[in-house]
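By letter and in written order, the chains are A, B, C and D; residue numbering begins at 1 in each of them.
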Amino acid sequence: MNTVNTIKVAVLGANGRMGRTVCAAVEAAADLELVAALDAGDDLAQVAASGASVAVDFTVPAVTEANVHALVDQGVHAVVGTTGWTDESRARVADHLATSAEEGTAVGVLIAPNFGLSAVLAMTFAARAARYFESAEVVELHHPNKVDAPSGTATHTAQAMAAARSEAGVAPSPDATESGWEARGADVDGVRVHAVRLRGLVAHEEILLGNEGEQLTIRQDSFDRVSFMPGVLLGIREVVGRPGLTVGLENVMDL
Amino acid sequence: MNTVNTIKVAVLGANGRMGRTVCAAVEAAADLELVAALDAGDDLAQVAASGASVAVDFTVPAVTEANVHALVDQGVHAVVGTTGWTDESRARVADHLATSAEEGTAVGVLIAPNFGLSAVLAMTFAARAARYFESAEVVELHHPNKVDAPSGTATHTAQAMAAARSEAGVAPSPDATESGWEARGADVDGVRVHAVRLRGLVAHEEILLGNEGEQLTIRQDSFDRVSFMPGVLLGIREVVGRPGLTVGLENVMDL
Amino acid sequence: MNTVNTIKVAVLGANGRMGRTVCAAVEAAADLELVAALDAGDDLAQVAASGASVAVDFTVPAVTEANVHALVDQGVHAVVGTTGWTDESRARVADHLATSAEEGTAVGVLIAPNFGLSAVLAMTFAARAARYFESAEVVELHHPNKVDAPSGTATHTAQAMAAARSEAGVAPSPDATESGWEARGADVDGVRVHAVRLRGLVAHEEILLGNEGEQLTIRQDSFDRVSFMPGVLLGIREVVGRPGLTVGLENVMDL
Amino acid sequence: MNTVNTIKVAVLGANGRMGRTVCAAVEAAADLELVAALDAGDDLAQVAASGASVAVDFTVPAVTEANVHALVDQGVHAVVGTTGWTDESRARVADHLATSAEEGTAVGVLIAPNFGLSAVLAMTFAARAARYFESAEVVELHHPNKVDAPSGTATHTAQAMAAARSEAGVAPSPDATESGWEARGADVDGVRVHAVRLRGLVAHEEILLGNEGEQLTIRQDSFDRVSFMPGVLLGIREVVGRPGLTVGLENVMDL
């Protein structure tokens, strides 16, 4: 691969579990070059000094917004997987990016709550398909140490499906059940979400859609943290060509 | 096929939906011969008169026990799919069969709540496997017009699994869930049963068993009433060689 | 529902299996009105005379193109499920529609090889997702009376996936297999398609996509001909607002 | 737990991947005590000297038979997961055990080709169910680095199913396919086995059984080597009460 086209990458939070995995994935990719690996206490000025054009942030909620503003000031694109973002913090980043662009420096920031391609695709397809079926339910399956039920991913999926059905004027899923509402899970805006807990599982989601005589099932399995790496690398490659704020990996994918 | 070995069959309740399907299945089987098709109002004496050695009863709870006693009196074996049997009514049939055998006429009666081979096998295998896994849950899926949840089949499956686990001293399935128990389904003796309702489905059951690093899934799909016919024909062929009362199709199978 | 907004529908091939099912579905829909049901030998002039604004054609390959030209001449929109269309016959319809539009009559024609929503969605999503995964294979499952393997639907799905992967520069799915290529199925442009034949099944397709640590599965089940009706009704409602030729139900869906 | 009932265990091949995992699993089990961990070059006399009543052998084909004979001579029960056993080597062990028993020392040896409970159960249930269905096929799914297809486990499963069907006089699975036999997999004694290769998978098997109107599916997933430990521990606990040679984990299970 022509090194002229190589993207130079910095990783923030490089000593954390996700950060280490990202460093390894960047180093293994022929079109990417790891030029800086920073963690808590390191000077962020090193990012620009290293020649990085993109920085990946897997740090902690308390510092991620400040990191992103510092990266924008340095003209470095950012791919952010840290949680804890709010409508307000995202709006501040969008404003900063707009100002920077007006001043002549077009920077891109991608904030994604989930870098698992299969999870992102399942959620996106589920939302698009939901309006075409009379019935829609979700089953999520996780390891038994999980404290919350249903999972955040399944709740978001169900919300997106419910919103799409509501917008298209689809009637609620038919349901004659008269008793028996004591299983793990919830009613999320009218979409029933079932939560299975089983030793040996990691994180899985199954979307079930039915019409008279037909069924569509979309299933997503996450077995390991490495499954997030193709999404992170995709984010790095895409963010350099997308100035401004993008929220959600699905918005840099060609779906 | 040698007609000497053909089994002559009578059907009681021959005008009902199941009865008609049984008549057609018996006629289509090379080793069986339909010799009598009776319904409400017909004289049961016709059964022995027709030369039937086995009678299949798909009638109604109000008459099925009387039918069986009448068949035993005629020395005709019986395969019974009608519901409504109790411990007491079964005991009376067992007593009658014992008396008949002492008097020199060994008759067999098979009473089965479910003639679906896949359903019976799924339930049997689930009960046998349950003690070997740390976690065990059940998902049943049905059409949305079903009023009860979870289904009777899933409840029986979960009860059998729970009993097997209890007998083997297996600990309850691990579960750290702290909130979210509002989905369709129930806790059946410690085995969680989830109930999905979806347009387009008929009757389906999935048993999920998990250990660290492995999973066993047993799934059963019933799409149509014709699926009960292989089980009914199996019952006819087996009951002639099994004097006395047998309850449950699994007990005439080689499992 | 306001009858002002009701769409008047004619059905061609109304005595065939699909035609009868379409007539029943149109009659059952509150926003549609069946105004003509024609079959072989009937005068097509009846379509316009009946006041129909849309005609559905489930006839035979020998007459479907002529039907469509006659409908366009009458200013009636067409939804076509009959097979046998070629690039040439489609081009002639497109030319006719362009001429008609120039002359002031904007007519829409939708030709769809498959009206099953779940099948169309599975194929569309599979093609979009295929470029994001290292491995891609397809399993199709059908009743054992099917003569061809793999199925046309699975072959089209695999072709669309292969084209998307090729366009995005994705490497072939990794495969170290050194022996054993004797199962039912085929290599379709590099996407392996497995064909299962099993009594009790109808028509099913499962698309399997895998990266290190994750999997995406899209499964589609068709149990019955009635499953095509939501797609036919969707086509009727959409074609009135889409002048010109549209090929494929997915192109009138909001995906 | 009463230490009086603790089983003292030695591990042979303790430095190998499986051996290390076994040592950890034995140490973690409250009713087992690891008293010796030997590897190549260690004196087998240490086993009896350590007080072990059971030894687990995960060594190499070249030494496993000699190990077992040495253990029998010491009156130590053996659980063997090493491959490479033949009818002849198993017969020599059986003879040795018979002689030992005649001389007053009843020792048990369990040789198992697979300690995965879900794999063993799937294979056992598949063989028992196969005769009750008109159609039977197998799909195995593995990582793409696997060289052979279909997998040994799937081949054994299909052979056991074919044997059971043959013994019960079941006709071959119906199949009208006229073309298309170029997919990964094989025809194993008339049972079609399909082989899927997908990045992200480990080792999985799905048995599909169908009758008119119903389907039974048995699926087994192995995600990790730790999944063999429940089977190894079960073997240790069972072998002490089963003198003589037992081949196959399913034969010490209550199925």
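The criterion applied here is as follows: a residue touches a chain if its C-beta (ideal position, glycine included) is under 8 Å from a C-beta of that chain, and two chains touch if they have at least 3 such contacts.
Keep in mind that this is a model prediction, so the values were computed, not measured.
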| item | value |
| --- | --- |
| Distance-maximising chain from subunit B - centres being C-alpha averages | A |
| Distance from the mean Cα position of subunit B to that of subunit A, given in whole angstrom | 48 |
| Rounded Å distance, subunit A centre to subunit C centre (Cα mean) | 33 |
| Geometric centre distance via CA averages, subunit C-subunit B, whole Å | 41 |
| Per-residue overlap in subunit C, given as positions that touch at least 2 other chains | 133, 200, 209, 211-215, 221, 223, 227 |
| Touch-based graph of the chains, sorted into line, ring, star, complete or other | complete |
| Contact footprint of subunit B on subunit D as seen in their complex | 116-119, 121-122, 125, 128-129, 131-133, 209, 211-227, 229-230, 234, 253-255 |
| Residue ranges of subunit B touching subunit C (in the complex, touch as defined) | 200, 221, 223, 227 |
| Residue ranges of subunit B in contact with subunit A within the complex | 133-135, 137, 139, 141, 144-150, 173-187, 192-201, 208-215 |
